[in-house]
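After this come two complexes, each holding subunit A, first together with subunit B and then together with subunit C.
Then we have the complex of A and B:
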């Protein structure tokens, strides 16, 4: 829930920044709509429609005017969601593929990367690859730790 | 400003309380100097409690801090569950030990800053 809000908030924040650039604006709008459509589909238990909406959005070419960091986060979140959809559909191999695809877009110290490591850990675990699962969870844990320290440092700095 | 307000409230409260005590227990009225010392102690205690409450209430980052801390300990638990299912792997034992330590540290740090109602701590 928290995660859904964060990506929708990110998309909402990006939209005004791109308002003067039609291509960017369209890309942001379609990504937001795909996320909302996926939410609706997941709520009614329709994983297939959620998958279609997210895959179609991922396949949209990203305009040059979109900040690469922003497009990475948006795409990684979609990969994470697709991984969850596949896990729900008892398809851990596909879930693992989406997690790997998301991580191939870049590994940063942020929640998007951490979520993908968690998804990877879950898929590995479901496939009986427990050593790899623990490794992925550990990566996610360390990112969360870095984010916690950053948040506390920011709070202490007036 | 907050401090002045707190002290004023405390003075008013303790003043009233003291007045009531005088009315109900006339036999044990302390010396003025002793009363002042007692009131000062009360003020200090109220002030400390109020400061603590204000500090906790004024942390806008607490939901995020609690969530991140909780994530760390949940992930540590997952790693340790895997390690316990695979006791033959020393590597997993080491990961579990490291993860538990990180969870404990996170729990301590979070507790110093925020009150998390559903924090999944190291002992959970």
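Then we have the complex of A and C:
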């Protein structure tokens, strides 16, 4: 009886730890695989498959153990890619939607936010919305300048 | 076996059977027979007397509570169930610290600036592919720990 209780106790303690680790790494793996699938699809000119792979990945629930900053970056990068896929498919409205969706996840002074502003600028421009396009590009360039300065500073530091 | 040993064995057998007068049987044989008889199940001790003796020499037995013997396993199982239900909730907290991604290289940032100025989205995406690979490598390394 005591041995059974000890085994049950051990399983109770180990099970959540295992599932926790599996959940976050599985989420990262599926996102990575979706990107690779999208790469392959785009290379063969199959925008539809690229879209499907990225959308399916975006719809996956993010485990609680994944840091929100990490999940935001992963999702924003996918939204950026989806925006480019729609631009390629001559669907600027949809491209704009994806850019907006990506930016709704959070705006930071980082590469992913700047990319989304670039995509938004491109979509606005394709829709003939020159002012909005200029504003989006301007936002992108502001972040880009900050990042470029940081990179140059890092390069100068021995 | 010597003659003496044979005589002693016969005396013990008689004592066990209850034959012969006690004077004829050696004291050692009588004692041994007594012990052997008392050890037998049909020693003739009254069951009521047996209980009485047992209660006298084992006073703790009297105080035993019948349901107490079930308490330990039931409490154990309840404890395990409690842990199974609460440990996942309590262990939810440790969220991974954010991954420190590699700094975007200068070429990538130049491509980004070019995309914003000259609308070269494809050039940006091309540079992003390499960075994306590094990004997922960092993520996979961190979350596999």
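In this section, the second predicted complex is superposed on the first by the 135 of 158 C-alpha atoms of A that agree within 3 Å, B and C clash if a C-alpha of one lies under 4 Å from a C-alpha of the other, contacts with A are read in each partner's own complex, and residues count from 1 in each chain.
Criterion: contacts are C-beta pairs under 8 Å (C-beta built on N, C-alpha and C of every residue); 3 or more make two chains touch, one makes a residue touch a chain.
Being a predicted model, the structure only gives us computed values, none of them experimental.
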Who does A:40 touch here: subunit B (first), subunit C (second), both, or neither? neither
First (subunit B), second (subunit C), both or neither touched by A:152: both
Under the stated touch criterion, which partner chain does A:144 make contact with: subunit B (first), subunit C (second), both, or neither? both
Determine, under the contact definition given at the top, whether A:87 touches first (subunit B), second (subunit C), both, or neither. second
Touching A:134 in the superposition: subunit B (first), subunit C (second), both, neither? first
Tell me which partner A:31 touches in the superposition: subunit B (first), subunit C (second), both or neither. second
Larger residue footprint on subunit A, choosing between subunit B and subunit C, goes to C
Please write out, lowest number first, the residues of subunit A touched by both subunit B and subunit C across the two complexes. 2, 114, 118, 121, 125, 137, 140-141, 144-145, 147-148, 151-152, 154-155
Which residues of subunit B touch subunit A in the complex? 59, 61, 64-65, 67-69, 71-72, 75-76, 78-79, 82-83, 85-86, 89, 91-92, 95-96, 98-99, 102, 106, 109-110, 113
Per the contact definition, I'd like the list of subunit C residues that touch subunit A in the complex. 73, 76-77, 79-80, 83-84, 87-88, 91-92, 94-99, 101, 103-106, 108-110, 112-113, 115-117, 119, 121-122, 124-125, 128-129, 131-132, 135-136, 139-140, 142-144
Spell out the residues on subunit A that touch subunit B in their complex, using ranges where they run on. 2, 114, 118, 121, 125, 130-131, 133-135, 137-138, 140-142, 144-145, 147-149, 151-152, 154-155
Subunit A to subunit C touching residues, read off their complex: 1-2, 5, 8-9, 12-13, 15-17, 20-21, 24-25, 28-29, 31-32, 35, 39, 64-67, 69-70, 73-74, 77, 80-81, 84, 87, 111, 114-115, 117-119, 121-122, 125, 137, 140-141, 144-145, 147-148, 150-152, 154-155
